[in-house]
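If you scroll down you'll find the structure; I have some questions about it.
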Amino acid sequence: TFCLLPLAIFTLAFLAIPLGRLILASSESGDGWGIYLRILQTPRYLSTLLQTVLVSLAVTGTALAISTIAGLFLVRNRFAGRNVLLSILTLPLAFPGVVVGFMIILLGGRQGLVNQLLPGHWVFAYSITGLFLGYLYFSIPRVLLTVMASAEKIDPALEEAARTLGAPPHRIVLDVLLPALAPALIAAGAIAFATAMGAFGTAFTLATDIDVLPMVIYTEFTLSANIAMASALSVMLGLVTWALLLIAR
Amino acid sequence: TFCLLPLAIFTLAFLAIPLGRLILASSESGDGWGIYLRILQTPRYLSTLLQTVLVSLAVTGTALAISTIAGLFLVRNRFAGRNVLLSILTLPLAFPGVVVGFMIILLGGRQGLVNQLLPGHWVFAYSITGLFLGYLYFSIPRVLLTVMASAEKIDPALEEAARTLGAPPHRIVLDVLLPALAPALIAAGAIAFATAMGAFGTAFTLATDIDVLPMVIYTEFTLSANIAMASALSVMLGLVTWALLLIAR
Amino acid sequence: MTLMLANIAKTFPGGVRALHSTDLEIARGEIVALLGPSGCGKSTLLRIVAGLETPDPGARIVFDGEDLTRQSAETRKMGMVFQSYALFPNMSVRGNIGYGLKMQKLPKPEIARRVDEVIALCRLEAYADRAITALSGGQRQRVALARAMAPRPRVLLLDEPLSALDAALRGQLRTELALLLRDFGITAIFVTHDQDEAMAIADRVAVMSEGRVAQIGTPEALYRKPATGFVARFVGNAMPLPGRIEGGRLHLRGGTLILPKGAGGQEVLVRAEDIRVDPDGPLAARIDAVTFLGTHYRLTLSGAAEEPLHALHSGLSAPETGSEVRLSIAPEALLILPKGETALCPASSSSRIRISSRPARWPMDARTPPGRCAARSIRSTRSCRCWARFNA
Amino acid sequence: MTLMLANIAKTFPGGVRALHSTDLEIARGEIVALLGPSGCGKSTLLRIVAGLETPDPGARIVFDGEDLTRQSAETRKMGMVFQSYALFPNMSVRGNIGYGLKMQKLPKPEIARRVDEVIALCRLEAYADRAITALSGGQRQRVALARAMAPRPRVLLLDEPLSALDAALRGQLRTELALLLRDFGITAIFVTHDQDEAMAIADRVAVMSEGRVAQIGTPEALYRKPATGFVARFVGNAMPLPGRIEGGRLHLRGGTLILPKGAGGQEVLVRAEDIRVDPDGPLAARIDAVTFLGTHYRLTLSGAAEEPLHALHSGLSAPETGSEVRLSIAPEALLILPKGETALCPASSSSRIRISSRPARWPMDARTPPGRCAARSIRSTRSCRCWARFNA
């Protein structure tokens, strides 16, 4: 209806053409489509892929756990300064990945706060731990806001019903609150996972000895000028993330 | 209640400490807090900030317009393959900024698709146009999904009421659909804007002659080792984004 | 006669027949209720009149000689009040009521004048500049009515206008809506599943079932001379008395009733108000529950028929719960009717076909209501005149 | 006597007094309704009994001699049915019903056996393994009741148990719920704003207004001997007749009525069923609207008093709309009562203080209902025995 159809087609083309070009580009090396087989046979690529997925899963899980606890606390308790606190919590949303990486270095780098306070072996910024903390910092506010929005919609009568039926607090959390939050947790977790899978700025800023997939793609493309391999790895990254997003949905 | 309080405090500390460190770090140059004044007096920083905000606003506006039209079309029309199409639309969500920048180069670079088909002056990947297209590609699926979720919740009776009162289609869009979509558009726009403000991967991949703020921060930090200025610029970027997010809310 | 609907049917994609061919004539100023259970096609019929659904080919919708069948909802000038009210949340009360006038591109002062008139008629003066979200359910209902009335529609269509309200408010607003529609003097069709609402507001009621009009007539005609068992069940809550019919007698579990006439292949029903506790009555029953209703008691009786029966009992005290009583029913109070189509009655499939193939005839009650102004009260006459001026 | 509530009051943070000091005694197996408009404190009282709100200091809640005042909701063993039903959407019907038994850490076979028993009593066999989202409103209501009953609570508390259902279903489920509660033989308190619901289900009704119990008694006692104008208005819809009282006469706009007794400082009310159309009546009125109700007509009358009056008129036809009639009201049908507290009556603030300062006395109807099993029907007796075994 209206004149939406041509515009919709244009939009779809805009989204589809770069994707098609990317997939085609991955076949333009000597290996042809066999390049995907080569990725699966190259331990370096495989271990990078695995490491990226593992860090992303760890970030997602930790962010969900922390945000659920903090979110439930903030929804259930009214106190002075609560609104100010909530506004501050959204601040990390405004910082890009580069700045987050930069913050991690300020905290856990060689001249970082932690290493100054506790001199010794407290340099974690350039390792997988730094990456994990950076991604976590990035994810928590997003997940927290989603959890809070969902927690506010839970019918308080559900919890009261469980109480009159004799349920102790930990059973209320397990039987009432977590199931009610589940859709929000899954949605927020999927977004956190996809963000962690593709986070480049943080990794690049911290990068010394971390191999995550976006970094490898960048290296293949810019330094090795291996366009076909960069394309194939991009398609792999996209497919893995997309599959996990679809499963979550 | 429960034992949420200590965990909530821990979470808040986790979010607050890096931020505090960043703000402190910005004052640790010879200028002290005067560094913020210096940013405002340095034309290069100011024009970069302005350019970042302008590109982000342009991306947000374009993404909202395109997504609203495509979203309304997809909500209002059921056709064969609609669900497949919707799944494909979520694919760009799975690609990180680096890959998106890479796609733009494949399309609009010196050896890109467009320059091959239409040889001549069709190299746009390394300019502000390429950055704009890359950010747009990144934003559209997110905005589209939000718009569609919101459009599906509009009471169809609202539109029918306007029709029985004699409203022609363009008045229905103006008086009924856009006001009903407004909250979703504002929320999605704010997210798109914040993402565009901080997108580093795309800019870094395309980067030849583009100055956007995350790039400048990276340069100051890594190449010039000017930690105070990088911190101050980070705080500026965060504050500008956060202020616009708060206004939208 | 102002609105004539002929051969209106609706088959949805996929072959579901929501509405079988239906004809209906509505006189100027008449208020007609479409009454039926959900899924009976009443809303579909209303939406076809509004132009929001397309009827199957062959339909005709004529208003005062003008064929509206091909006109779109935008140009058809039907006022509609939606079940959810569908008020525009981004406009004030005044903005909502004036929207139809704005679409007619009337000059601003003219819009303001006419909005003020409708606001006064609907007693919304105190809320005129409020946001829609600041209104109660009953106020929203009045705003929805005012919005539909402001552009002076040909016919007012109301889709379950009171069902979004809670029970306490609904009873009160029922009377208010009835008086307001009469004050407007508008021709109106409204859809409801609530017999009390239909009775309280409509001049004529069309009882619908499974996509067909089962009977149309005044509330009195439907109550006193129901055409089918379905109508009797739906209007006045008649209870079926299923039993063996033999030689002018109906054999029930609790005893035998004498029938006033033959009842072969038909069903026998009775209303709660026609069952009496009578020591010499022919039926034995046990009292399961007694509910005090103020002027009388409602008794829930078991043992007389297969299903529990209700009886209304007047007097200052009722028989004890658990006691055994005898009941009588006057033969002329028994309703002997063809088995009507109803989802409640699984055994009626064969009779349903028979009934379905019988051509529907209406109006069974041929009384054409006189012009509203002539027949209504002095108060209505005044309002009606005022409305006539308002329409001039 | 099983449940004794003494000196229950509730002041919310901020100083709003939701409930003034209230006492209530409820006998074993008795069903008591708390009836009142929204905001009258009835839900607060129910939630205090459940342990979900803390009463002001000085309150006592005693069940069979055991003081429950300090016990938490988890240990108080009160069954509660919530207005929204609050069924756990992540569990099946069986999971919901068995939840309370699981919390008591009963062995699995025991839980299964007792869940089956309650499912059978509530006739939920067909839905036992369904998801909650696959149930209709009426089925959810039964599941909520079964879930509350399964752990064999001391008292069953119901918060507006039928208000989430639509009108058609509500009437039907009202009777069903009444029979089910009697079958259970449980002591129950339920909150409602619907007088019909209170009348149909409760043994005794406590009419509440502005945080106080205005009157408590059987439905008949409330209807026939209301203590205040508020009670008369709320139970049986009495209409006030505001006019000048002079020497045993009430002067209204449409004429003068003779009062049966002095009425200084009190208000005079009448019910619709007590107003008769009578050519020799003392009041003149005009008929604004006529609604056919089946056994009688409801007339809306103006001109007799300030506000329109309703009258019930029996007979096969009603006076024409718009005609002038005369009305009579039997002197003994006039209710002469202290002005009750009510939000509808802005002039009552002085009398409100007077009433408020009068100590509430109850039960005004001292009849203690006999044990449920003795008094109920044979059907109930059977179920009651079954329930007794079930409780053993």
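Letters A, B, C and D mark the chains in the order given here, with residues in each chain numbered from 1 onward.
Note that a contact is a pair of C-beta atoms (placed from the backbone, for glycine too) under 8 Å apart; a residue touches a chain by one contact, two chains touch by 3 or more.
Predicted model only: the values in this text are computed from it and were never measured.
The fewest steps needed to get from chain A to chain B, moving only between touching chains, is 1. Two chains share more touching C-beta pairs than any other pair, namely A-B. Chain C and chain D, compared by their mean Cα positions, are separated by 29 Å.
Centre-to-centre separation of chain A and chain D, using mean CA positions: 55 Å.
Touching two or more other chains at once is no residue of chain D.
For chain A, the set of residues touching two or more other chains is empty. Contacts between chains close into a ring here, every chain touching precisely two others. Chains touching one another form the pairs A-B, A-D, B-C, C-D.
Those residues of chain C that touch chain D in the shared complex are 163, 166-168, 170, 175, 178-179, 182, 193-194, 196, 199-200, 218-220, 223, 236, 271, 273, 286-289, 291-295, 300, 302, 312, 320-322, 375-381.
Chain B meets chain A in the complex at residues 1-2, 4-5, 7-8, 11-12, 14-19, 21-22, 25, 66-67, 69-70, 72-74, 76-77, 85, 87-100, 102-104, 106-107, 113, 136-137, 140-141, 169, 173, 194, 197-201, 204-205, 214, 217-218, 221-222, 227, 230-231, 234, 237-242, 245-246. Partner chain B is touched in their complex by these residues of chain C: 50-52, 72-80, 82-84, 86-91, 99-100, 103-104, 147-148, 151. Interface residues of chain B facing chain C in the complex, by the touch rule stated above, are 155, 157-158, 160-168, 171, 175-176, 179-180, 182.
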